[in-house]
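Mind looking over this structure? Questions follow.
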Amino acid sequence: MPQAAERKALQKGLLKLNENMVTLAELSELAIRKAIDALTRLDGEVAREVFTIDQEVYGLQLEIEHTCVDLIALHAPVARDLRTITTSLKITTDLDRIGRYAKDLGELTLQFGPSARGAEPELTRIREMADRTIQMVDTAIDAFVKHDAESVRNIMQVDDTVDRMHDENFDELVRRMTEGSLKIETGARYILVNRYLERIADHAVNIGMRVVYMVTGDWLPRERAADRAKRIPK
Amino acid sequence: MAAKIRTEKVSAWYGPKKAIEDITLDFEEHAVSAIIGPSGCGKSTLIRCLNRMHETIPKARVEGRVLLSGEDIYGFPAVTVRRRIGMVFQKANPFPTMSIYENVAAGLRLNGERNRDRLDTAVLESLKQAALWDEVKDSLEKSGASLSGGQQQRLCIARALAVRPEVVLMDEPCAALDPIATAKIEDLIFDLKKDYTVVIVTHNMQQAARVAETTAFMYLGHLIEVGPTRELFERPKETLTESYITGRFG
Amino acid sequence: MTFRFDRDTRRRWKDLAMNVAAFLSVVLALIPLGSLLFEASVRGLRSITPSFFTLTTANGGIGNAIQGTLILIALTAVIALPVGILTGIYLAEYGKNPVGAAVRFFVDVMTQIPSIVVGIFAFSLILELGAAGIVDKRLVFSTTTGVIALSTIMIPFVARTSEEALRLVPISTRESALALGIPRYRAILRVVLPSSSSAVITGALLGIARVGGETAPLLMTCLGSPFWWQGLDQPCESLPHTIYVFALGPDSALNQAAWGASLILVLMMLGIAIVSRVVIRLRSVSR
């Protein structure tokens, strides 16, 4: 049980944890922003920067994991402290994934090269979707940093929009590739981009849900964000 | 499950000083309930009202009702109440002039039981339930004081169990013991659930978390919050509760 | 070698000085006792012969005096011990209230009353009762009156020592007994009292020793008698009285006998003290 004296140690640990989590969150957001930027302008330089950021993300995520285990082992935290620590543990996974997807987008940007010419309509649609996605990531991370559960209660609805956009994009890409107005190679890569953006949005939703738990202790009705997009054909 | 023992708006005084106020609390049958809170919050006073030990203190007073299986315990003789609601105290105190056997049998003997077989059986069963039989079975005639601290406390538990109470109250039973002795007693509390209703007062929250299904938090004589232990420790409803269990005030 | 008179050394010397002072004080305190025993033994030993015990005071022996003292303390004990111990129980267990405080106060006062005053009290009590015709006038100077006086001395003493003894038992013992659903009186008699038994017994024995040596009250109650004990309603001889009479009389043989009687009395008191120690030792060994 945290006694008055032990509190200092735990407090210090929690402070450090919070700092690292904020850094991690900001890095993940930076990664995805840069990746989108690189993609939309087909800028290889920026794309390479994303790789570096992703490495940092991964390293920091590991450190945070260890910190959480240490705090639990040493201080037997309860209530809010406990929820904060366990939530942090889980959110690092989502943040790490976002960073990974950012890296994947960077790779695709490099792979597109000149062959992406002629894919302007796709770029426009993707850019719209990306804006939404980044907005979701930003909201979720902001909510975590500020310990604000209210701003993310409706994040699932925004995700539904992103899912819909994903499906529309997919159909459009397939149509264009079938019709021949889009090179298969390019189109296939755009399908991946589409997919990654949708997955990033899902992870943002996960983060949001966990923030609500961390702050209030409520488990919102949990459906995997990925399951909300109903794609199983009838 | 039904509440085996419950308090209804119980208040208690030591002379002019009010120690606890309007406590209404249910203690479930065949379960362990814990009462936690900082020193002086009234948890020991409350538990002593449950078996009418509070009134043994000069100038002490109680108001409100305490119901055991629905009957008001202030309606029948204190001596009867205490046979049905037993108590284990913070400091183990085996009767100094009695052997281990005599200590365990004391409750029965001094209430008139003479039958040697019945006494033997009671002693055997109680010592087994208190997880002490194997350690003392060959030295029952030795003095109670020859045992270690943890063993003495288990002896006192056996002594309380021998009169076959329905409820067992424990007032910080492990406060004076080392971690291993504490663990043994917590294990035995876990086993006692089957046959008894247990109410344990503890200042060690982790202990409450380990042994109790329900935990109540008291502060300055008032009941602040009560609920399933898991919820109290994961998601307490009251800010005061949260402050206490996270250690933000001693 | 330089002699450093630093704090540490000063402290050690102070310590040694205190130890020596304490030791010397003990020696000082024991000197009277030692000298008493010494004198009594040296001077009294000469009188110790078998006939000393078999002859009555009329004939220079102290047989009837020993008999008288033994009878007096036995009868006093029979009366005073139960009353005293029960009073002690009351004070320790039930006396935490104004009534108890008053009783305790009176008991304390009674332990301080000079024994000769107790003697006068017993004497006048029987005198008045005799004058009123309630008891036989002869009782004024008799064993009975002596026992009344000695009881009045012993009861408060035993009450206080018993109360102290019972208070030594920790509250937790009482509480555990009560928590088992044992009625209070039984908890006291079967748990608390046995726990304090050595202290209670010691108190009782000390009480007996105390009254055994009382002289003043006996002077005006059982008076004295040159014969073997003759009954409750008759005067009775006692060792303290004998010593008094022998020592102050003109006969030097009797003066010598007084030393012998003193030695016997001192040995009796010593014997009681030893017995009480043995009792305590035996009881704690059996645990």
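Letters A, B and C mark the chains in the order given here, with residues in each chain numbered from 1 onward.
Convention: contacts are C-beta pairs under 8 Å (C-beta built on N, C-alpha and C of every residue); 3 or more make two chains touch, one makes a residue touch a chain.
Computed from a prediction, not measured in an experiment: that's the story for all the values here.
Chain pair with the highest count of contacting C-beta pairs: B-C.
Each chain gets a centre from its C-alpha atoms; the one nearest the centre of all protein C-alpha atoms is B. Chain A and chain B, compared by their mean Cα positions, are separated by 52 Å.
Chain C has its Cα centroid 46 Å from the Cα centroid of chain B.
Once the centre of each chain is set as its mean CA position, chain A and chain C turn out to be 93 Å apart. Per the touch definition, chain B reaches chain A in the complex via residues 204-206, 209, 233-236, 242, 245-250. The touching residues of chain C, counted against chain B in their complex, run 96-97, 170, 172-173, 175-183, 186-187, 190-191, 194-195, 197, 287. By the touch criterion given at the top, residues 51, 53, 56, 58, 79-84, 86-87, 89, 91, 93, 95-97, 106-107, 110-111, 143, 145, 156, 159-160, 163 of chain B touch chain C in their complex.
Those residues of chain A lying in contact with chain B across their complex are 1-4, 6-7, 10, 76-83, 217.
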